[in-house]
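Before we start, here is the structure in question, set down as structure tokens.
Chain naming follows the written order as A, B, C, D and E, and within any one chain the residues start at number 1.
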Amino acid sequence: MFDNVWLIPLFPLLGFLINGLFGKKIKNEAVIGGIGTLAIFGSFLVSCGILMEMISRTPENRVFEKVLFPWIHCGNFKADMAFLLDPLSVVMIMVVTGVGSLIHLYSIGYMHGEEGFYRFFSYLNLFCMSMLLLVLGSNMLVMFIGWEGVGLCSYLLIGYYFHKKSAGDAAKKAFVMNRVGDFGFLVGLFTLYWWLGDNANVWTINFMEIKKAAHLLPYGGVVTVATLCFFVGATGKSAQIPLFTWLPDAMEGPTPVSALIHAATMVTAGVYMIGRMSFVFIKSPDTMMVIAVVGAATAIFAATIGTAQNDIKRVLAYSTVSQLGFMFLAMGTGAFAAGIFHLMTHAFFKACLFLGSGSVIHAMHYALHHAHSHDDAQDMRNMGGLRKSMPITFITFLVSTIAIAGIPGFSGFFSKDEILWQAFSNPYHGNLNIVLWGIGAIAACFTAFYMFRLVFMTFYGDCRINAKAKGHLHESPLVITIPLMVLGFLAAVGGYIGLPKLIGELFGGIPNYFELWLEPVFEQAQEYGHHYAASGAPHNAALEWGLMGGSVVIALVGITIAFTMYIKNRDLPGKFTSTFPALHRAVYNKWYIDELYDFLFVNPCKSLGNFLWKGFDVLVVDGIVNGVAAVVKGGSGAFRYTATGYVHNYAFVMAAGTVAILGYYIFR
Amino acid sequence: MLSLHHYLILSGILFSIGALGVLIRRNAIVIFMCIELMLNAVNLTFIAFSRYLGNIDGQIFVFFVMTVAAAEAAVGLALMIAFYKNRGSIDVEDINLMKL
Amino acid sequence: MDYILSLITFIPLAGVLLLLVMPRNNALLRGVALAVSLITFIASISLICEFKSIADYQFVENIPWIAAGSFRMNYHVGIDGISLWLVILTTFIMPIAILSTWTAVEEKVKEYMICLLLLQVGMLGAFISLDLFLFYIFWELMLIPMYFIIGIWGGKNRIYAAVKFFIYTMVGSLLMLVAIMYLYFKAGAGDFDISRFYGLGLDPGTQTWLFLAFALAFAIKVPMFPFHTWLPDAHTEAPTAGSVILAAVLLKMGTYGFVRFAMPLFPDATARFTPLIATLSVIGIVYASLVAMMQEDVKKLVAYSSVAHLGFVMIGLFALNQQGIAGGMLQMINHGISTGALFLIVGFIYERRHTRLISDFGGLSKQMPIFATIFMIVTFSSVGLPGTNGFVGEFLVLLGGFESKLRLWTILASSGVILSAVYMLWMFQRVMFGELSNPKNQVLKDLNGREIAIMTPLIIMIFVMGIYPKPFIDKMTPSIEKLIVQSKQKQVASVVLPPMNMAIQEMPAGHPALPTGHPVEAK
Amino acid sequence: MPEILFFSLVAGVAIISSILVVAMRNPINCALSLIMSFFCMATLYVMLDAPFMAATQVIVYAGAIMVLIVFVIMLLNMRTETSKNYVHGVLVGCIVAVLTLFVISGFLTKSPLTGATGSMTPELITKVGHTELIGRAMFSQFLLPFEITSILLLVAIVGSVILAKRKL
Amino acid sequence: MELALPQMNFLTIMPETVLSVVAMALLLVNVLVKSKEKAYLGYLSLAGLVGALFTIPWGQKISGFEEMVLQDNFSSFFSVIFILCAVMTILICDGYFKKEGCNHGELYPLILFATVGMMFMAKATDLMTVFLGLEILSVALYVLAGFNRDNVKSNEAGLKYFLLGAFSTGFLLYGMALIYGATGTTKIAKIALAAQNGAVSGNMMFLVGMLLMATGFSFKIAAAPFHMWTPDVYEGAPTPITAFMSAGPKAAGFAAFLRVFIIALPSLTVQWSDLLWILAVLTMTTGNIIALSQDNIKRMLAYSSIAHAGYALVGFTAHNASGVSGILFYLLSYTFMNIGAFAIITIIGKKGEANNNVQDYAGLGVKRPVLALCLAIFLFSLAGIPPTAGFIGKFYLFAGAVQQGYIWLAIIGVLNSAASVYYYLRVMVYMYMKTPEEDFNWVKLTPAVALCIIIAVAGVLIPGIIPNSVLNLAAISLP
């Protein structure tokens, strides 16, 4: 089965080609959607096969590399088109193909009747292919193809409604910010490649070979430089501070896109990349700290913004940013498995949330459309009380919300709790750990708050929708709800494969299967980590229980606040905003980060460009060129007046010339 | 004793006067006369050299210079006449249809 | 097939003669020109087939040409891995160029086609010349047809652009001519065969001056900052075919000149000027990108992007290692393909709307989906998206640069990766996205068969080179190795090698700083 | 001494008449001054033991050429030159002339006669006669130039005819 | 005392003799045959020229008439240039002079005499012969320049040329006198011999003589600052005569200049190469710079011819084999390209020298593509762009300079070349890139003119592509 790994990206590629080239002619949405969905579903099946085979192998034999064809061979540089199968990539392909299949299915319903239906599916397939390349790549360059490829697809899909200017802007912003990250990725790659080659004569970018040579790398130093660069790449892709602003804007794309790309898969690429190169990252304590801090900061920062948004998808977007922050916090504290675990559970519940919101929007849109109302179908202020008309959506949404809020028993609880616990207890950052944990906990509280705020505003209370549209509200079709249900189910139970040890022991020593599964991948990293590990907090069961309980309490607090503000006492939010108008405005406007970036980078670049063009290029450079020409021509114009036409003047010049020559020779 | 230099200086002076005339006179014929003066100065040089070198070549040269001067005079004056016919003047300030 | 190179080079000339005697039937003239260029292309395919991946010059012809006075000039041609692909690029682009202005040029078709074919002779000749004098002849020969192409069939400001192009290029190349003469006399009696000048062991002072003279000529052609201002003008005014050829091939003359002549001939000077050239290249990249960002005219934008792209090429070449040069060479070809394609695209919309101002467009995607797709692919190729050709070249360039002494420059240059995305996508967005508000744009027709036929080979090449660049790299590798040896021979000899492979110890725990004093040039 | 005195006299007259050529307003006066100057030249030629050249000078220059010039002056009915706006021209001319003078006299006085001296001593001239010497040289050594001169004259004749003849 | 006649080696002056005889015969024929049509005189003179071409001996070095002339390859090469120049001029004369209404038969003999004068200049080995040859040429040119005697511009050209020419003759002669005084001889070989004596070569008189002679020759080749006459005279003279003047006499001037300076004054090489360096720079720069702003195409070509003299002076400054053979090659090519260009100007120009502005060429490329192409070829050759003879010539000239170590001179030269491109391109801009304002229906391409243009194109392109034979010829024709 392993040998057939190339089929995984191939199916979506075929889907992309078929739909892209012939989709316009096919016209039949069922066929197009079918092709798209089957393509990724095929990959899913292959992935399942691979998973099975891998489970059946011993942990030592779970690494497999498949070279498809040589790609760039140049001097000592070698990059093959090759795929790497190991427990980590298998987790990823399962998530990508699994969630991807569901979202494809969902899209058939959601995108029904859209212009360019075929385009959507071909892009979606292309995305899946890129994402699969990213996770399967056996060297950094193949990963980079996927890395940029998902950026491209994200660009294409965000800009799907290209006739909307905001969509185009958002798409461009996403791509450019991703590019900034890619720049970091590339520099990191170069640094690593050059240093290893130059100093250790290991010229490689292959993950496994680097892994083998990782012992040659120093702690800190050049590794810090390289990993920080990689991390810049990760921040771009995974929307971390400072490159996060594109993700909320990316909600301009169709909702399935948000679900697939901007929640479940692409944005987690940064996390995956750090996991993939954990053995390098961990060699730089500084980088690890930076990652942890940035992750925690992003988690809390995005969470605060999320509390004030009214657009249903934007809330989810900030929630995504925030959750990604959690993942980075995990990576930064050395809890690689936990990070990946959260990645997976997050994929389930966030996809479900997005799809649910999509379902809501779809219904709203339909209703508003039929009522000829121009209200915003995504504004939660126009919703409310939807639980009655859309029960399935509501239930799945609620389950996922509970999951993300971290209520015990649901997947999010396990993963988030694991992260918080490890942030607290992992022995890398000394006292900073407690701060990190604190931030994480507060962010979790915020998460619970804004997520329930979302649920309450959307599904509870009075129906605030345009009265005329009310009658048109109804549940989405099956093709939409089936994925919701599956994802909702996964969001609920997905966490049980990674039960915390503590709880596992409670149930008769069920191990943390997930951690066990990934153990061979991160083993080496942990080993390196011990080199500089200080003694963290004591690994104390009571403490862990305490913290676990704490986080549950925190989540409940958040929910309670949301309940108070949006169900019980509806004028509280208004009071709150009028009490702290500045704060609210700042939060509502995302802390003015976009404006700050405009001020710091975009506008200076534009004015610099303008200056360089009109001021420097035209005036100075071309001015010099034209100036020389003008001087010569001017000289010409002036010197031509020496030709006065008078013989005596000519004779004078001759005589003067003669005299000058004579004078020069006689008196020199 | 008269030396070569007497003659050379004299011819130099004459040559300069001729050249000066060319530069400052406006009448083409006068200019031509000044040129003749220059040629004569040269002739004087030639003959002086010829005498002091004891070499006849210089004198022969002068002979040819004279011939040339005559030929030039003929052609030059013909040109002036032609020009005068068309323009009614042989003032060099009027010989400036073509300039710049 | 000993004379295959001459055959390829002079088939277009035969075409010129044929065209000269043909009646003024536009369709026929176009057809013949296209046929000639296609025949040339097909003939050139045989080069790839028979080319052996060795460092030597192949298909060499060496015929005495001028032998008078103290000079010996030979008709000495041949190609190696470096010139092979440029020759192919030239023959490949030519039919496309001819097709591109199939309908746009209605006047003086005969002269137009003659100019195009003559241009091809010049370009091919310059790429295959192994005799400096012959090279110079072809180098200059290219100017004339290009001058006419811009000047006769160009836009409003064409005369200014044409004259600027001509004189600008001329100044540089004439100084190079003086340098060629000097070099010749330095080498002593003999011919102008370049291999005779390699390894001449000139003293560094002489090398400096000669290098400067050569470099000026090539830098103008490349064009490197600050000698670039002729390019936007020339590109903007030239007809589509002119722009395509200019971008695809003529600019490569400059970079090719560096690789073939300036660097191996003057190794010391190359070492000395590497920082300068790298600095200028980096400035060029950033500067041109920023300027491109603000352009209002699509063609000008693409022209400035050329400056940036060629900055990458220069960085790669002066990295002087396998990756850098291979990347530079690939990037030359890539740039030829993708920027050529961009100019074609601009040509398509210009033919339809007779404007190139970005603000006149918007929302074209809706009206012209095929065009949008192609445009998008080309844009991303130009941006250097992995999977397209642009990436491979750019990546290798940066990798090579990073490995060499030019690390800092390379990092700065990498920012061009971001900037290129900014300006290209912004342009793309403004042209293709948004509301289709302009009524004139609402009636635009999508690409027709001919236009699709033009773009198809380019699109194919974009992907082929992006996904499977190995054959391209493999063919040029031995030549590049030889080039590196030639360009470094003096440096290696004069610089005491730092100890190789400093013992790599396991660094102790803690945060050791970056180990100082790496052997930077330990290759 | 008397030689020098005589030379000075003749030279003075020559210079003065030359200056007059330049200075006189009326072309006829200029022409007459020039003839005067030519006569002085002829005198000097005699002093330089070149009587034949002196004769030729008088015949060709003072005779033929000057007659031609005067004839043309009369033909063109030339008026006196008006002296307008010529100050700068005079100035410029003077500067040049002074410089020339300075330069020429400067180097001439400093330069010795370095060429190989020939056999044509005054004694020989007196013995053989200047005319014969010239004649012999002209028809032997300088035969070709002499013949060339004929072409020159032919050209001049044809040229002046073509230019000046009223109707061809 | 016997009259010892000199060795009269007529072989040395064969072509001159033939031409003189033909010219004189033509004068007679012209008088005897009463016909308005004068073209036959042209054909006769062509026959004479071609005949003379065949009497030019090659590969021999014969001194004749008491070392007055020397028949060697150098003179033969130049004779070929002169004859070609005369042939091409005569080919374009008939149409032009008919158009201008001054179709006098004396034209052809005068051209032939001028050619004879030039040939004497090229083979002269005595200052006297140099001077006389130069005077025959000059006198004939004075007349030719003013040949269109009813046209005041032509008169003016003749008169200006005459006055300034005579003025410069004064300097030249003074120089010769001083050289004579310093060395005691006028024979070039003997001057060189005498100059081996340190006293002579250190003599100020000798140096000043050299300088004055240089100014005299500079006038003839139109080197700055002795170039002032050139534009006015070229503009005013009848166009075919301008063509003739721009090529032949310049070559003749160079011939004499080269012979005298290289053979007679090697002891002053340092001094005169310095001088020529300056002259070359001045000449190139002045010519090119001022040409940039000229509208009248004849005037523009006049300035360009000044610049070209500058390029040739670069080779002269180098005075090595490549430089001098470069001069020879260049002058030959220049003859072709310049007369070719003038041939086209001749037929484009309307009566009374109207229509000679660059602007009047607008649209020529459309209306008369072949003519325009030919003109373009000539102009590209003048600009020194391969594959034309102009390029090869320039290459040899500048290479000579480089070889001799005059790098800066070569650099200034090429920069000048680059500047010159502008005004040549300007013509091309009008021809090809501007819309025509009028038809060129008055343009009549007679067979003679066509032949001239064909010769010129061949003379520009063939040596441009396969220059070997001409270069080799030039290489064995050094003085």
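Here is the rule we go by: a residue touches a chain if its C-beta (ideal position, glycine included) is under 8 Å from a C-beta of that chain, and two chains touch if they have at least 3 such contacts.
It should be emphasised that the depicted structure is a prediction, and the values quoted were computed from it without experimental measurement.
Colleague: Touching chain C and chain E alike: which chains?
Modeller: Both-contact set = A.
Colleague: Relative to the centroid of every protein C-alpha atom displayed, which chain's own C-alpha centroid is closest?
Modeller: C
Colleague: If you tally the C-beta contacts, which comes out ahead, A-E or B-D?
Modeller: B-D
Colleague: What is the chain whose Cα centroid lies farthest from the Cα centroid of chain B?
Modeller: Farthest chain from chain B, going by C-alpha centroids: A.
Colleague: By CA centroid distance, what chain is farthest from chain E?
Modeller: If we average the C-alpha coordinates per chain, A ends up farthest from chain E.
Colleague: For chain A and chain D, what's the span in angstrom between their mean Cα positions?
Modeller: Measuring from centre to centre gives 102 Å for this pair.
Colleague: Between chain D and chain E, tell me the centre distance in angstrom, where each centre is the average of that chain's C-alpha atoms.
Modeller: It comes to 30 Å between the two C-alpha centres.
Colleague: So what's the Cα centroid distance for chain B and chain E, whole Å?
Modeller: The mean C-alpha positions of chain B and chain E differ by 25 Å.
Colleague: Please work out the Cα centroid separation of chain C and chain D, and write it as a whole number of Å.
Modeller: Between these chains, centre-to-centre, one finds 71 Å.
Colleague: Can you pull out the residues of chain D that are in contact with at least two other chains?
Modeller: 89, 92-93, 96, 100, 104, 107-108, 113, 115-118, 141-142, 145, 149, 152, 155-156, 159-161, 163
Colleague: For chain A, what residues touch not just one other chain but two or more?
Modeller: 629, 640, 643, 645, 647-648, 651-652, 655-656, 658, 662, 666
Colleague: Which residues does chain B have that touch at least 2 chains other than itself?
Modeller: 8, 15, 18-19, 22-26, 28, 31-32, 48-49, 53, 55, 57, 60, 64, 68, 71-72, 75, 78-80, 82, 90, 92, 95-99 - these are the residues of chain B that touch more than one other chain.
Colleague: If I apply the definition of touch given earlier, which pairs of chains qualify?
Modeller: Applying the touch rule to all chain pairs gives A-B, A-C, A-D, A-E, B-D, B-E, C-E, D-E.
Colleague: Within the complex, which stretch of chain A touches chain B?
Modeller: Against chain B, the touching part of chain A is residues 640-641, 643-648, 651-652, 655.
Colleague: In the complex, go through chain E and note every residue touching chain B.
Modeller: Per the touch definition, chain E meets chain B at residues 127-128, 131-132, 135, 138-139, 142-143, 146, 149-153, 155-160, 162-163, 166-167, 169-170, 173-174, 176-178, 180-181, 184-186, 231-232, 235-236, 299.
Colleague: Touching residues of chain E toward chain A in the complex: what are they?
Modeller: 160, 163-164, 167-168, 171, 204, 207-208, 211-212, 214-215, 219, 224-226, 228-229, 231-232, 271, 275, 286, 289-294, 419, 422
Colleague: Flag every residue of chain D that touches chain E in the complex, lowest number first.
Modeller: It is residues 104, 107-108, 110-118, 128, 132, 136, 139-145, 148-149, 151-152, 154-156, 158-163, 168 of chain D that touch chain E.
Colleague: Which chain C residues qualify as touching chain A in the complex?
Modeller: Per the stated touch rule, the residues are 164, 167-168, 226, 228-230, 287, 290-295, 321-323, 326-327, 363, 365-366, 369, 376, 380, 385-387, 391-392, 395-396, 398-399, 402-403, 407, 410-411, 414-415, 417-418, 421-422, 425-426, 429, 432-436, 467-470, 473-474, 477, 501-502, 504, 506-515, 518-519, 522.
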